[in-house]
Amino acid sequence: MLRYTLTRLLSLAVSLAVASVVIFMAVEILPGDPATLMLGVNAQEDTLAALREQLGLNGSLWSRYLSWVGGMLTGDFGTSYTYRTPVAEMVGERLWISLPLAIYALTLSTLIAFPAGIWAASKRGSAADVGVMGVTQLGVAIPNFWFAMLMVVVFAINLRWFSAGGFPGWDKGFWLSMKSLTLPAIALALPQASILARVMRSSLLDTLSEDFVRTARAKGLSKRQALWRHALRNALIPVLTIIGLQFSFLLAGGIIIENVFYLPGLGRMIFQAVSARDLIVVESVVMLLVFAVIAVNFLVEISYALVDPRLRHGR
Amino acid sequence: MTDLRADHLPPSGAPVRLWGRALKSRSLVLGAALTLIFVLAALVSFLWTPFDVTGIDIANKIKGPSARNPLGTDHFGRDILSMIMVGARVSIAVAFVAVGIGMAFGVPLGLWAAARKGSLLDEVIMRGNDLVFAFPSLVIAILITAIFGPSAVNAIVAIGIFNIPVFARLTRSGALTLWQKDYVLAARVAGKGAARISVEHILPNVTNLLIVQGTIQFSLGILAEAGLSYVGLGAQPPTPSWGRMLAESQTMISFAPHMALFPGLAILLTVLGLNLMGDGLRDLFDPKLRGRS
Amino acid sequence: MSLLRIEKLDLDIGKRPILRDVSLSVDPGQIVGVIGESGSGKSMTAFTVMQLLPEGAVARGSVTLDGHDILTLSEPELCALRGNKVGMVFQEPMTALNPIRSIGDQVAETILIHERVSKTEALNRAREALARVELPEDRFPLTRYPHELSGGQRQRVVIAMAIALRPKLLIADEPTTALDVTTQAQILKLLERLVREDGMGMLMISHDLAVVSDLADEIVIMRSGEVVERGPCPVIFSALQHPYSISLLAASTHAPDRSVQVEDTPLLRVSEVRRSYRTPRKTLFGKPGAFEAVKGVSFDLKKGESLGLVGESGCGKSTLTRAILGLEEVQGGEILLAGEPVFTGHSPNRDVRRKMQVVFQDPYGSFNPRHRVDRLVCEPFHLLDTPPTGKARDRAIEEALTSVGLTAADRYKYIHEFSGGQRQRIAIARALIIKPELILLDEAVSALDVQVRAQILDLLADLSDQFGLSYLFISHDLSVVRVITDRCLVMKAGEIVEQGPTEQVFSNPQHPYTRELIAAAPDLPELA
Amino acid sequence: QQADITIGQQLEPPHLDPTSAAAGAIDQVVYSNIFEGLTRFGPDGSVGPGLARSWDVSEDGLTYTFHLAEGVKFHDGTTMDAEDVVFSLNRARAEDSANAQKALFAGITDVVATDAATVTVTLSNPDGAFPFKMAWGDAVIVAPESIDGIKTTPIGTGAFMFDNWVEGDRIELKKNPEYWGEPAMLDAVTFKFISDPTAAFASMMAEDVDVFAAFPAPENLPQFDADPRFKVLVGSTEGETILAINNKQAPFDNVKVREAVAHAINRQEIIDGAQFGYGTPIGTHFAPHNPDYVDLTGQSGYDPEKAKMLLEEAGVTLPLKVKMTLPPPSYARRGGEIIAAQLRQVGIEAQIENVEWAQWLEGTFRGKDYALTIVSHTEPMDINIYARPDYYFQYDNADFQALIAKIDVESDPAARSEMFKQAQQVIADDYVNAYLFQLPLITVAKAGVEGLWENAPTQAADMTAVHWAE
């Protein structure tokens, strides 16, 4: 287990190093000068030069890369060009929306997908199965921003059950905040739940046809018991992978949904930072997201080992 | 002595039976029909559309469905049916080429990694794939279009890049099982090299997998293109695109819902069609998995 | 009254008839052996008793177990029966256990399902059951996971689960097919002991006459869903009625005629060959370990000779084959074919490779399903500098196909249009097409039904007569090696422990391991 | 009685220092709410007294003496006096100043605090527009004590004080109880940032916000109009929306080609299609609500036949392919599509390239790599940009430059007015750009909100007089 963990950790570090170079280079070649953007059309050349100097845009590539990476290693993610506040602080604030939203959506999708997938698998071939699978087909095919738009029209504008978007802030009350995250979470969760339900079902069907399930049945377990006690945990590995992928997707991938519901989340922050050429924010946040994805994958792999004893003893 | 007869992969070389079974598969037929409708619409649009999609006719703006415009007109008075037809062209082309890119790079990489399983090369290829997967795709798409400007071509590149690891992994895992097969050993006994074996024996036998995954990536490509166009990073005006039609209709959804409804349905149905087709194809190629997914 | 009575059982899956008019019975303490070729419905009969049939299966007739009419019972009643009154052991021990739960847990589950006892109590009884199947707790703690056990040990766990509640009937569906001969012998002995101790009835399914005849009190022979012959053992063997059973018995003991002249010149010379695999590092930065699969093997194979190589699974047979074929470099020693090394420098020697071909075990996996027979058969032409083309190629294909008993027209077919036996013929045709001097047969007949196996053995004998071929015949099945080889090598853990003329090795084994092997091999009763 | 209000606006300010960035969103929040200048814009665009209650101009027009209001305190409790004014103006015009409108201060040669309540500013040339310049958001008075934190916690003298900023979402202001002048009528103001037009509509409809300033989706206005819960205020801005032409790029260096473009464009169709009817057609670069405005739209009326003829006369080979870059606002994106379709009718193929502001500034504005582009010039009284040959449309006319130079030093209103009219005519005759429409200011508000600015002489959401109806 330790060896397994260490090997994974090492490749994690290498991946992060490569990712940092790729991100830095990509952001470097972004056309558009942050200083010009900040000072607008009437700015004078000397004013621009002064600002560039202030922003530290004049150093060599190499030294800027090193100071960026060095900063990140010590927890200093730099200072936003436009907001003039530490990136770490900004990220922290945004994370308080993106993270709960991702968790909320993931919880919803899991809560929908597990029962649906298990039900469909246990009733394989029945009308229920066909029905659930049909709905998930639709769920996978529906563009989530379109679905979000429709939901806003129905639930916010017509029925006025929810606000059309925005985020009041956790200090305004937990339930109020959760309520404002509900429509976005549903919009995000719908396709994810559909995918997850399908994976759950097919993975469960795979394990249900394994020999050991037959063995369990021969011991006198009923179909349900065999499913719950033997098939389910074995079926979990591909499902875990998908959940891991989905979580990292939700963390950054809500950009469009965040835009529809004007939530000040991480995704929208990147989107805005790119158009404002707030390079340091782009770099640091993308790096952070990559780190999150890699770390989540790492955790998922470790959790495989928890599910599956074969992995615990080194491969 | 084991029983090897049970459930062996059905032979791929039985075209007649394959067609017969294909026609019996409900999801395959439905999916193919839906897909075909949109492919046809795209093809027809090259020759004919009810109206000129670049022709702006402000006097006729935002009209609901009518005999003249079966799906209504948009805020510039353009015919929505015509735009959806031409939009299909863009969606399909972007997704198609993106899948092509994914396959063109992913498949050889996967084959190569599998042929050198366990080597440093394999490790590098697979870790590289993981890395690409680790990048948030939409963010990268935004960066790419911010660097090179928004356009259909850049959308293709952005989507295509993320298809590469998908195909590389699939090919590699498919190829790895095939490398265990005795017929590969037989080919090695016949003195064939890894490259030759990969092309002659491995590749043809992973094509089924690739076709199935290809349809799925195709549908994901259409969704991705719609998403990118929706945030303005896809095909540029005056070329119509489904995602941009949705974006443009968004502020008008409350009084002109037809403007959002039809492009949304177009995306939904095309993606649905492709997914159904993918499922159907998987069942067709691999009856063991029938009804699994 | 009998424990299990199956009467006039018909079984359809979907619209397809699987079983027709099957009747048999098992008394307490009796062992009934069911044999038949693959697909004859043996397993389906067993599953009918358990009512674990695939979806869409419809059974008619009557199945009475200990007074219950199985076919009329409800699912909960069946659950109460399974594992309690009747236990079952399956063919594939590697997959029959849940990989993520400990063995103690899995055995205890049988008890917990049927009896209201505490977890500790159940575990205590599981410990007992495991001890009965010779997995004592001091060596095999309950917390072990299946992947930490060998195949034979896993099969013991499955048996422990089946007998934990001392059921009245035990169904064993080919319980030893996936195991080595020595392990097979142990498992069979264990099963017999348990049956006798508990006075259980046992339904023992096998495709191997010899396995069943050693054990069973009564034998049932099945063919395509029907019982063709039934009778007490071993009396039945001398009084077989049905032509199928007669041919089955004949095939099991068939020895092909061979009349080849063995020349004295060695064709293949293997000397001191070593082959090691790298094993993963133990620690992150440690050196990778090495595992020697072949440890200094030496032998000669003479021109025209058929040399056998026997040994248990994992002893290095296939590794050695690959080394001889020049597919992998060896770490030591030398392999010479007709005086030339198979490896020159670091690349295989094409001139030498041309002289040998190989036939593999799996007739289904040996061919690329997308190619036609002609293309498949021609593949070794790749080894030739100037492969025949056009007419010459056609002629070569035809010749190869006809010499293995197929027709020239078969060249246009795809591989899926052939049966297992025919496929193995095509594999031989493929080997023959470049007229090699040596053919390596790696378990070439292991996957075939006895009757087909007999035909292929005949064909091989025929071909060696005809073309003066030499064979290296690799198998774990002693009876096959015995009838087809002139000389024989016995391999254990990467080493040759004994070699000599086949008859001599079999009748007068020197090495203890050889003796053990031979003793473990099940025998058909000597027939009058 | 409700005493707080939530205002929606599209853009979030990057920071809150109006004196070191061009972002209009900063002024939108802070102008006259938090920060005040010597002078200030009134709702009608007139310049009135701000912190300077009055000022005198010397005979030669070179010296301005500002008399400051007494008893003014910054929000942190420090007093605002002449020294702060000196500091603010010197800071803005300093060598390393990051002021985006440094040109406003270019004429200043000296600033002196005569006493605590009097400031004397000396100019290098007479400048009749100096009080006007001092009304800009870029010229507000800041204190040296609080200058370091100005970007995140702005300290001004206004009727509201900064309270809280949730980045990406909202900024909250609260009433300044110690305000020196007429106190604010509201206790708290929240600016909420909603960039997406759909979301803007939805948030208004769901009553998440009370007012939406510069409502971005004119297509939704009929719905608000029809809904008794809301009212729609349509005012004017200083934004001349133009199809800018690169005057140095062939064939647009030929005035005939530019004239052809002007005639190829149907303004009404653009206003209807892109703005859903909201917008006043213009024929030159001047705000129609200005008394000096000359209506020259007839000179460049829609006449595609004439356009074709002019193109032929100019010897342009058709179809002519040119690049049209479009920045993000919907007037540009939508207008661009319509203009492209109109130009196509006369044989000009405008290839649309949608760009972000950053790219527009770098490529189009600074790099001048474009043929056509659409943008709204929202600075007040900015016809003088035509006197800058290096400006992105690269119009270089010595006569015009001389005219503007004369306006700059003229302080007689009548003469100035005459010269402004003349200037409008010159650029219209030269067809420098194609003039489309004056950008309207559309404010959607709850029916009970009163005291909002209807027009936008500068980017501001002056909340000092806003209140809820009884």
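Just so it is clear, A, B, C and D label the chains in written order, and each chain counts residues from 1 on its own.
Here is the rule we use: contacts are C-beta pairs under 8 Å (C-beta built on N, C-alpha and C of every residue); 3 or more make two chains touch, one makes a residue touch a chain.
These numbers were taken from a predicted model, which means no experiment stands behind them.
J.: Between chain pairs A-C and A-D, which one is joined by a greater number of C-beta pairs in contact?
T.: A-D
J.: So what's the Cα centroid distance for chain B and chain D, whole Å?
T.: Computed value for the inter-centroid distance: 47 Å.
J.: Centroid of chain A to centroid of chain D, CA atoms only: how many Å?
T.: Taking the average C-alpha coordinate of chain A and of chain D, the gap between them is 40 Å.
J.: Rounded to a whole Å, what is the gap between the Cα centroids of chain B and chain C?
T.: The computed centroid separation for chain B versus chain C comes out at 44 Å.
J.: Specify, in ascending order, the residues of chain A that touch 2 or more different other chains.
T.: Where chain A meets two or more other chains at a single residue, that happens at 31-32, 125, 149, 157, 259, 274-275.
J.: Considering chain B alone, which of its residues make contact with at least two other chains?
T.: In chain B, 146, 250, 253-254 touch at least two other chains.
J.: Taking touching chains as linked, do they make an open path (line), a single closed cycle (ring), a hub with spokes (star), an all-linked set (complete), or other?
T.: Its topology fits none of the listed shapes; call it other.
J.: Which chain pairs here would you call touching?
T.: A-B, A-C, A-D, B-C, B-D
J.: Can you tell me which positions in chain B touch chain A when the two form their complex?
T.: So the residues of chain B touching chain A come out as 127, 130-131, 133-140, 142-143, 146-147, 219, 223, 226-227, 230-231, 243, 246, 250, 253-254, 257, 260, 264, 267-269, 271-272, 275-276, 289, 291-293.
J.: State the interface residues of chain B toward chain C in the complex, per the touch definition above.
T.: Answer in residue numbers: 1-5, 8-14, 181-183, 185-192, 200-201, 204-205.
J.: Please give the residue numbers of chain D that touch chain A in the complex, ascending.
T.: Result: residues 14-15, 21-23, 95-103, 151-152, 166-169, 192-196, 198-199, 202-203, 205-206, 208, 328, 356-359, 361-363, 365-366, 379 of chain D touch chain A.
J.: Show which residues of chain C lie in contact with chain A when the two form their complex.
T.: Touch list, chain C to chain A: 50, 52, 55, 75-76, 79-84, 87-88, 90, 92, 95-102, 109-110, 113-114, 145, 147-148, 158, 161-162, 280-284.
J.: Can you name the residues of chain C that touch chain B in the complex?
T.: Result: residues 38-39, 177-178, 207-208, 325, 327, 348, 350, 353, 357-358, 360-370, 372, 379-383, 414-417, 420, 427, 430, 446-448, 477 of chain C touch chain B.
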